[in-house]
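Take a look at the structure set out below.
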Amino acid sequence: MTSIGTGYDLSNSVFSPDGRNFQVEYAVKAVENGATSIGIKCNDGVVFAVEKLITSKLMVPNKNIKIQTIDRHIGCVYSGLIPDGRHLVNRGREESSSFKKLYGKPIPIPALADRLGQYVQAHTLYNSVRPFGITAIFGGVDEDGSHLYMLEPSGSYWGYKGAATGKGRQTAKAELEKLIDRNPDGFSAREALKHAAKVIYMAHEDNKEKDFELEISWCSTSETNGLHKFVQDDLLNEAIEYAKHETSAAGDSDSDSDSDNDSDNDNSNETHDKEGDIKLE
Amino acid sequence: MFRNNYDGDTVTFSPTGRLFQLEYAIEAIKQGSVTVGLRSKNYACVVALKRNADELSSYQKKIIKCDDHMGLSLAGLAPDARVLSNFLRQQCNYSKLVFNRDLSVEKAGFLLSDKAQKNTQSYGGRPYGVGLLVVGYDKTGPHLLEFQPSGNVMELYGTAIGARSQGSKTYLERVLDEFKELEDEDPESIIKVGVQAIQQSLKDEVLNTDNLSIGIVGKDLPFTVYDGERVAKYL
Amino acid sequence: MNHDPFSWGRPSDETYGKYNTSIAEASPYPSMNTQQPIVTGTSVIAMKYNNGVIIAADNLGAYGSLLRFTDIERLIPVGQNTVVGISGDISDMQHIEELLDELEIENNYDNSSADSNECLQPSYVFEYLANVMYNRRSKMDPLWNALIVAGLEDDGKPFLRYVNLLGVTYSSPTLATGFGAHLAVPLLRRVIDHDSDVEKTTLETAEKTILESLKVLYYRDARSSRKFSLAILDKDQGLIMKKNLEVENMSWEFARDIRGYGTQKV
């Protein structure tokens, strides 16, 4: 982080001499410390899953829900600053509602991705606002089938077969890649559900000392009639059992997957403290 | 000495992705006197320690009613809490007027969250400098929420915010199983646990009828604030 | 005084000469919004019974006296336990449908009990619609409709209430809009005259009464159609929507005795 102290990283919308927008990069750091979220695209829908860390036993179990609904047919999950995620979802709902008022049909998911992308990008343009401190994974089913997108603080977004963000994203991505390689013809929403649970459990392995809850939702033509819904308890428990079983088995045999190649915390040659505070002599 | 370059405003991320102004706002909660919140199967209650500026002044109000089924207690900047409680009162009224519906506690929490978030993403303002414990009783029973200036809202069985609140929290964690599933038919027992909890956060203060304030809501019990002589029996 | 409302608040022509409307490009008339419905749906009728509530409306959209559209659905389900029946202007009805769709979507946002304790109640839907209707009429831009909201509250009580383009609301164990208020209500009240009669009325009786009333309406209302929809909200069976029903067992025998219309010589 050679940028620190140069002054180019203090304000949003400012380029450094080598053409970077540091405030956006720092917003990405807020995401990288957040709880792991994933999305999986299956043949007729999408599945979202998120790790909910239990910070205190005073918290009420199964409340404090994280996954949100943007429209009947679109779900969204995010890692990073949770209130920023709510802001984005509120915007998504406005876009979705205004689309329906104007065109008389539900918003196609690529159109929503485009509009949300523009909105997030606009927050990198002005020094009077800060970028979104989240990476959002959203998608669902529309007239053209299922869609899954991941949107970053810069405003750029891509379509995915499997997307992961947050603290455990390296492990999660590795698992998703393996999963998708193994299933070239895709899989059903039911199968994706189990895999999603497993991926979150695997991604949590590095953070084992902390308790967590698993939250899963889906949107598919076969399971939810094209609506975004939370997974009912019996299926959720089944998925959790599968994930627990798979994770303990994997712990014994293949602990190969993730060796964190492009590790994010490049701590070498840091001359300042971890917050980037500068020592004044 | 370290000088932090990244804490001047709410629109600057630090290199590790933190927002210092927000963290400082959360610190402001600790400047306020302690307040405790907890809930059982049928009731939700807040207990607060009031402070006075000096011997001759009155005590600062800590508990605010928002509707018949909802109220809150605060720690931190009281004027900010008044802004937020007025907002909640408006939202409760709106819900009743337009939909003939009591605002759910869950939704109240999200409304607060979204309002607070706005102050954290644009230049020129500051985040709210207050923490709130929102209690209410709706169609899904009693609820307790903790609100923070960042816009984070959590639903809890019990918690405490404000000066030395850790003591109360530790106490609540210890007795959690005794109150969280309690099928109480009157609010007395939950209030007693609340008062016990707040005792764990006192240093020089002694609870009396002047400085103790209690807010209670639950089944067949509209939100009520007990002050003065009405708290005597809990001392 | 000039009693024409168009002249109220204006300088009188006798004193000042005719008002020159080209000044400030003023219109010769006051600004006007909807003055009449265009394509219309006729009566909605509804009644309570001992285990719920029934509501019915035909499928016609009439353009003046022309029976223009014959497949208009005027019973709109909202959530799991509410049906809104709408008569009056069809395009305004379609606007209300959009409002109700949005209401339903927004109720599901961030609502972890949207399928249980915090689902939409008929009373919420009604209060919202009554506010919409009253606000619009207060803007002098009414939605030209009369609505009946029928449903089951979560305490198991049947709900039935009326609101119209004026924002007027009322409740009764039997309700009807439009022509039905004149023709159907007396028939419905033969079965349920007081609140206390609801308990004595079975679903079977209620359904029969509604069908009889629809038949009378089809006989006598020239803007009605034979085809209709009927919704039952039953405490045990939930929402039952019956579509494409037709008025049966009619006898037009009496028609030959009618004099004064058509081409027949008296």
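Read from first to last, the chains carry the letters A, B and C; within each, the first residue is number 1.
Note that in this section a contact is a pair of C-beta atoms (placed from the backbone, for glycine too) under 8 Å apart; a residue touches a chain by one contact, two chains touch by 3 or more.
If you're wondering where the values come from, they're calculated on a predicted model, not measured in any experiment.
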Measuring between Cα centroids, what's the chain most distant from chain B?
C
Between B-C and A-B, the pair with more C-beta contacts
A-B
How far is the middle of chain B from the middle of chain C, if each middle is the mean of its Cα atoms, in Å?
47
Distance between chain A and chain B based on Cα centroids, please, to the nearest Å.
31
So which bits of chain A are touching at least two other chains?
63
Which chain B residues reach two or more other chains?
110
Which residues of chain C are in contact with two or more other chains?
110, 112
Sort out for me which residues of chain B touch chain C in the complex.
97-101, 104, 106-107, 110, 138-140
Residues of chain A that touch chain B when the two form their complex:
1, 3-5, 9-12, 22-23, 26-33, 56-60, 63-64, 80-84, 86-87, 90, 123, 127-133, 273-280
In their shared complex, at which residues does chain A touch chain C?
63, 65, 68-69, 71-72, 93, 97, 100-101
Complex contacts: residues of chain C adjacent to chain A:
98, 101-102, 105, 108-110, 112
The residues of chain C that touch chain B in their complex are 110-113, 116-118, 121, 123-124, 126-128, 131, 154
